[in-house]
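First the structure, which I've put down as structure tokens, then a few questions once you've had a look.
Read from first to last, the chains carry the letters A, B, C and D; within each, the first residue is number 1.
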Amino acid sequence: MSHITRDKPRLLARVRRLRGQVEALERAIDGEQACGDVLHQIAGIRGAIQGLMVEVMEGHIREHVAAPGVRGNAARAQGADELIAVLRSYLK
Amino acid sequence: MSHITRDKPRLLARVRRLRGQVEALERAIDGEQACGDVLHQIAGIRGAIQGLMVEVMEGHIREHVAAPGVRGNAARAQGADELIAVLRSYLK
Amino acid sequence: MSHITRDKPRLLARVRRLRGQVEALERAIDGEQACGDVLHQIAGIRGAIQGLMVEVMEGHIREHVAAPGVRGNAARAQGADELIAVLRSYLK
Amino acid sequence: MSHITRDKPRLLARVRRLRGQVEALERAIDGEQACGDVLHQIAGIRGAIQGLMVEVMEGHIREHVAAPGVRGNAARAQGADELIAVLRSYLK
């Protein structure tokens, strides 16, 4: 079973909370709220997405790169390549 | 007129696109899609939120700190304080 | 007097501490230390540079954009432009 | 042979370039250069440190987590734990 499947309830809870934050931001902009509040909401959304990223990366590392059950070196290397590609785009 | 008001159509378009990305991520997790795809979607959302942050900060700087129309030094200093507080939480 | 001049002792102390961290990293790599230690040192350096960035940005905002003493709207707009250019390159 | 050892010439070249950038920044502050220049130098240093981080992480992932030669599941799990700890501190 994939880690996305195994962690699905927790990941879905996180992404739905994130969606709620984005909807609140949409209402704040639509209601022309104070700019300082809008900036703080955006900073909160960014924190939430970083937390989600780390959680999915952690599942990926444990399951697709480090797990005893990965079938063979090629599969492990592919898991590593995917992770490195994301890190490159994320930390540029 | 506030920059949130003036830039509202563009900001709303951005935040709605962001909401669409978050909804797509929710479907991807719910559908147990491949983890590499999920990671790329999250990276895309983070890029979108950073872009939105810069756009709102730019409006804030121009209107609440630099604009000729800011009423007095105290208002300008307050605009600066708000911006610095967000930068501190954002770049920690 | 520029904020770089006014804050010079504190900024120099920060950048020298940063130089010390980079020199320690160089020794760690040259001495082929454990990779986990090297990663933690790099994370520390990144934290230090972010802190320095926020401090210089804060001085810039207060002095070149918000300060009562900025000479005229054009100078204020130029200070804002410089700040926004750095934010764009920093938060992309 | 560790990846720090194997990649040592390239990593040392990177960290020495980084040291040169930090020394140039120290001179810029000591010489009270224009604040816009100082901000750009800091942004460049931050880019250099992110690039170094990704390179060391990549070596870590390939050698301590994914490599066929990792001795046993416990060692692989330890490599994964170290990586995740750094990601957590880095992406908070």
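Keep in mind that, in the parts below, a residue touches a chain if its C-beta (ideal position, glycine included) is under 8 Å from a C-beta of that chain, and two chains touch if they have at least 3 such contacts.
Worth saying up front: this structure is predicted, and the values here are computed from it rather than measured.
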Chain whose mean Cα position lies farthest from chain D: B
Separation of chain A from chain D, taking each centre as the mean of its C-alpha atoms, in whole Å: 22
Whole-Å gap separating chain C and chain D, where each centre is the average of the chain's CA atoms: 18
Cα-centroid distance, chain A relative to chain C, in whole angstrom: 28
Junction residues of chain B, two or more chains touched: 50, 53, 57, 83, 90
Touch-based graph of the chains, sorted into line, ring, star, complete or other: ring
Of chain D, residues touching chain A in the complex: 50-51, 53-54, 57-58, 61-62, 65-66, 68, 73, 76-77, 79-80, 83-84, 87-88, 90-92
Residues of chain D that touch chain C when the two form their complex: 2-5, 8, 11-12, 15-16, 18-19, 22-23, 25-26, 29-30, 32-36, 38-40, 42-43, 45-46, 49-50, 52-53, 56-57, 59-60, 63-64, 82-83, 86, 89-90
